[in-house]
Amino acid sequence: MSGAPPPAIEVHDLTVSYHAKPVLWDIDVEIPAGQLVGVVGPNGAGKSTLLRAILGLVRPASGWVRIDGEPRRRGRHGCGYVPQRESVDWDFPVDVLDVVLMGTYGNLGWFRRPGRRERERAMHALEQVGMQDLARRQIAELSGGQQQRVFLARALAQDAPVYLMDEPFSGVDAATEAAIFEVLRTLRAAGRTVVVVHHDLQTVEEYFDHVLLLNLRLVAAGPIRDTFTRENLLATYGGRLTLLDEAAEAVRRGSVDTTAWRPPPDGAS
Amino acid sequence: MSLLDATSLPVLIVAALAASCCALIGSFLVLRRSALLGDAISHGILPGIVVGFALSGSREIVPMFLGALVAALGTTLLTDLLHRRLRIDGDAAMGVVFTTLFALGVVLLEVYAGRVDLDPGCVLHGQVEYAAIDPASFAILGWTPPRGAVTLGVTLLLDLVFVLLLWKELLITSFDGDLAHSLGIPPGPLHLALMGMTALTTVASFEAVGSILVVAMLIVPAMVATLLTDRLLGVLLAAQGVALASAGLGLWSAQRLDTSVAGMMAVSVGGLLAVAFLLAPGQGWLPRRLRRLSLAIRIAEEDLLGSLYRAEERQAGGGGIERPSGAPPHHPAWLRIGAGLRLRWRAEVVKSDRTLTLTQRGRGRGRRLVRRHRLWENYLSDLLALPASHLHDPAHRIEHFLDEELTRRIEERLDGPERDPHGRAIPAADHEPGEEER
Amino acid sequence: MIPVEYNTAVVLLGTAALGLAAGSTGSLALLRGRALLSDALAHATLPGICLAFLLTGSRSHPALLLGALATGALGVVLVAALSRRGRIKEDAAIGAVLACFFGAGIALSGAIQRRSPDAAQAGLDGFLLGQPAGMLLSEALTIAGVAVATLLLVALLAKEWKLVCFDPDFAAIEGWPVRLLDLLLMLLITTTVVLALPAVGVVLAAAILIIPATAARLWVDRLVPMLILASSFGVLASVTGTLLSARFPALPTGPLIVLAAGSLFLISLLVSPRRGIVARATAERRRRRERERRRLLGTIFTEQEAAPESPVSEGALARRRVWGPGRLRAHLEDARRRGWIRWGPRGIELTDAGRQRAARIVRASRIWEQYLLSQAQIDRDLIDLDAEEIGHLLPPHLVAELERSLADRGLLPLGSEGSPA
């Protein structure tokens, strides 16, 4: 056994396709443990898809993912997850504490109901994001920033070694942004690995130790200082690789599972 | 018993007219993804029909239609109010409104039972036979048409006029609501007008096919049609074809089995949907299965050709180092054997002394495949900066999908490399001298 | 206590148990977006009932309901298969399965009816709109047993289903078998719908799931109370409908039960304290009136601020053209009654209480203005321009900062400092 700690997340030759068309090409990267990692790239670059593939929510066309050197598991050994706010129905009949308690279900197992220990853990998570006073608030009454904090608290209640967050800073106010960043730093101090999909280039250097530059393929990955450079950003944002796009289209045409798919007429869903 | 004899013909006419006008309006419901609104309206209009019927005391369509129109707009607007203003889940709002109204209609039907010559059975499953016998109150050239045919004929005409007048608007709003909005076509009034026409069509048809089966005639023909074609006119015409076919099939099978015509019409149109779902040329299950199979065979063939080509390269000593890792292309045995047989049959390989050898034609295909493979490895290496050990598998997946044109442009983009990242020669696009010799 | 005959009591037991199960099952169906799928499922049971009758020749419920279960489940599977691949939308698939299966049922029952009229009349027609009148005690007890089992299952899996309904992705990440839980829920829905057939009928069976749950959602904001209330509504509607149909035997029971549920929904819609129409309208009116009051005080305050020496006349306020002369008079009279203004010798004067309130109002609105101007990233949902107190909306240090920049420009209203934060 030697020197360097094993990577927190190991992504090996990961290709992800939607309707047979590749949207992420051959991502091969190791994410070091105990760091704040930003995933940066233009719209439609596949940032969320990468997160969802790491979490096992989409089945990759090829490749595999390991977390702490092992295939994904649940609860204490799994992944904490902060999804995009729009991904759930905020009219659902639950209050803030209910949502945060969901983060403890994984360790609780079948049939058992959350007890005092779980409630304490959830309240502690709410305190960390400054929402303890709103624990009994119905979730429909929350502001956008507050909804984001609830999701963050739920992830904290998961108490996982690795956290994956999909645009937690998008559309929140300055106070929430600061609060979220504070939580990220606390997590790092506790030795957790946090991977954050981020869209604001201005704050990348301030927030993260490590960065993944993504645009359908991995453009670069590494410590901020070496990686977050002008050339790499130009390569990431300077238009897509036309041939890669066309190859994806050729795969889509050549495959069978795709002909049925077309964008819905009114752009919904 | 034939479909065209004196007793069957009026039934056929009424059934076909009902199916036709339902399919016409229903096509727009399906294309606008409001299929279930048709369901909701056909249920929701029941109390309106009963009240209209009770007040006028006759089966004349006008009072029933007025009642139904009020109830239909009520269903639409109430659902909308619950969903938009009071934030009740859309499906739930619709479910609450139309089931409650339908229950109200059934109860009213019993309350007015003395005055109303409608029975719940007829409302639920319709009676084409009756609608075809009941004569109209006038005669044309001494012939008294069935009342149902007159009502449905007029309805079909009105539907046609509606569609022709608002063709452009319906086309745009059906495919792109946002675009329509930006062009100044108000979606609201058009939507309400369509709901009104749905109500009219449903009232005219429900006597023939019943209030639930009318849903089948409204939406299923259009669903079949969308499996067959992409264009609006195509969908409308195909839906008409399906509607008429299911009217004929429904009547024929109902006579054979001695049962309800409306029920068999719904079964027929459902059967047509099943057939289209399984067999439609582009979308059907079987054609897709076959295409997937032929793709799998092609990939297995190409993999075989590619490995034979590489083996020849190695024998000639020009292949450089063989790739260090990576599993050999894996296909199930039946696919490998099938691919081998097909290649031999097409004279791309020959088998002699238990070994396969490429023919000139097969060598060409193998060479082009290896060329695509190695060019793509170069592309991945140069532009995605993948390490050499990670190149083979991705290239192996994509090599089957790149066409000559795209391959040529990849070559151009890479400035015509001569070797792949592992140092092996990239075959040229055109024939090599070795192939001409054979 | 209404005297109830033995027969009616049996039917009451059966329908009440049904309402109990349907309320909780319906709530989960609703929250998982399966409301209309359950309608397709209900209609799809009709051919199964007829086929079971044809095969067994028996009119006993167990046999017919097994048939119902079979084609109902087939209908659900077909909806899933049809809508799995994009071209056919789920709602169209639901409509198609609903209507075509129902058509098959109508055709089958027509065929049965023409061959043996009496048997069919008695057995099968009752399944269209429900005919619980002939329910046997054993059947009612069976329904009650299944209802109890349903409630136990819901109690056991409430946590798991809550998670899957709210955020299936998160459930999957946490390792919960989402498909298995969905399948279990679908089985529960199917059982409940089939159980509802003899009482409510094929056409309206789904309503007994959907309506009580939707009504309950209007009253409560958490899952377990919603389950309990929906079940109570289910029982109430079933009992009311059954009693009504016992009183008016000509009226069909199923539609009466659904109408009772619909009435409960309508009442909830009107009077529910939080989401009801009446409550919303009252709150909206109160808000509007309060806004007008604040506007009046604020206007008088700024008029005085601009020219401390000259009095504020009614004419000056009217020239602002915010209110018509009649409305202005009414608002002024209202403010006077509340002790905020008085008619002085030279025009309108603010009382001490009025001045304090007005200063608070103006301070708040200027702080909001400043907040919108100075902060680049704002939480739009927090902004409430009508709020008089800002302390609970914005963090205190931010309010202090905004106040400072107002004071620097002499815009902080005098007399507002002492206001409770």
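Which chain is which? They are A, B and C, in the order written, and residues in each are numbered from 1.
The criterion applied here is as follows: contacts are C-beta pairs under 8 Å (C-beta built on N, C-alpha and C of every residue); 3 or more make two chains touch, one makes a residue touch a chain.
Keep in mind the model is a prediction, meaning the values are calculated, not measured.
Student: Work through the pairs of chains, note which ones touch, and then classify the graph as line, ring, star, complete or other.
Tutor: If you draw each chain as a dot and join those that touch, every dot ends up joined to every other.
Student: So using the touch definition from the top, which pair is joined by more C-beta contacts, A-C or B-C?
Tutor: Between the chain pairs A-C and B-C, B-C carries more contacts.
Student: Mind checking the centre-to-centre distance between chain A and chain B? Centres are C-alpha means, answer in whole Å.
Tutor: The mean C-alpha positions of chain A and chain B differ by 36 Å.
Student: In whole angstrom, what separates the CA-based centres of chain B and chain C?
Tutor: Computed value for the inter-centroid distance: 34 Å.
Student: Would you mind listing the residues of chain A that make contact with two or more other chains?
Tutor: Chain A, residues with two or more chain partners: 257, 260.
Student: List, in ascending order, every residue of chain C touching at least 2 other chains.
Tutor: Each of 87, 217 in chain C touches at least two other chains.
Student: Multi-chain contacts only, two chains or more: what residues does chain B have there?
Tutor: Residues 33, 87, 89, 283 of chain B each touch two or more of the other chains.
Student: Within their complex, state which residues of chain C touch chain A.
Tutor: It comes out as residues 31, 85-87, 156-157, 159-160, 162-163, 165-167, 169-170, 172-176, 217, 220-223, 226, 375-382, 395, 398.
Student: Which stretch or stretches of chain B touch chain A in the complex?
Tutor: Where chain B meets chain A, its residues are 31-33, 87, 89, 174-178, 282-283, 288, 291-292, 295, 376, 379-380, 383-384, 386-387, 390, 393-394, 397-398, 400-403, 406, 409-410, 413.
Student: Okay, in this complex, where on chain B does chain C touch?
Tutor: Residues 30, 33-36, 38-39, 82, 86-89, 91-96, 99-100, 102-104, 106-107, 110-111, 113, 120-121, 124-125, 210, 212-216, 218-220, 223, 226-227, 254, 257-260, 262-267, 269-270, 273, 277, 283.
Student: If we count contacts the way the header does, which residues on chain A are in touch with chain B in the complex?
Tutor: It comes out as residues 13, 15, 25-26, 28, 61-62, 91, 217-218, 241, 243-244, 246-247, 250-251, 253-257, 259-260, 264-267.
Student: Within their complex, state which residues of chain A touch chain C.
Tutor: Touching chain C: residues 55-57, 73-75, 78-79, 81, 83, 87-89, 92-95, 98-99, 102, 105-106, 108, 110-114, 138, 140, 142-146, 154, 158, 172-177, 257, 260-262 of chain A.
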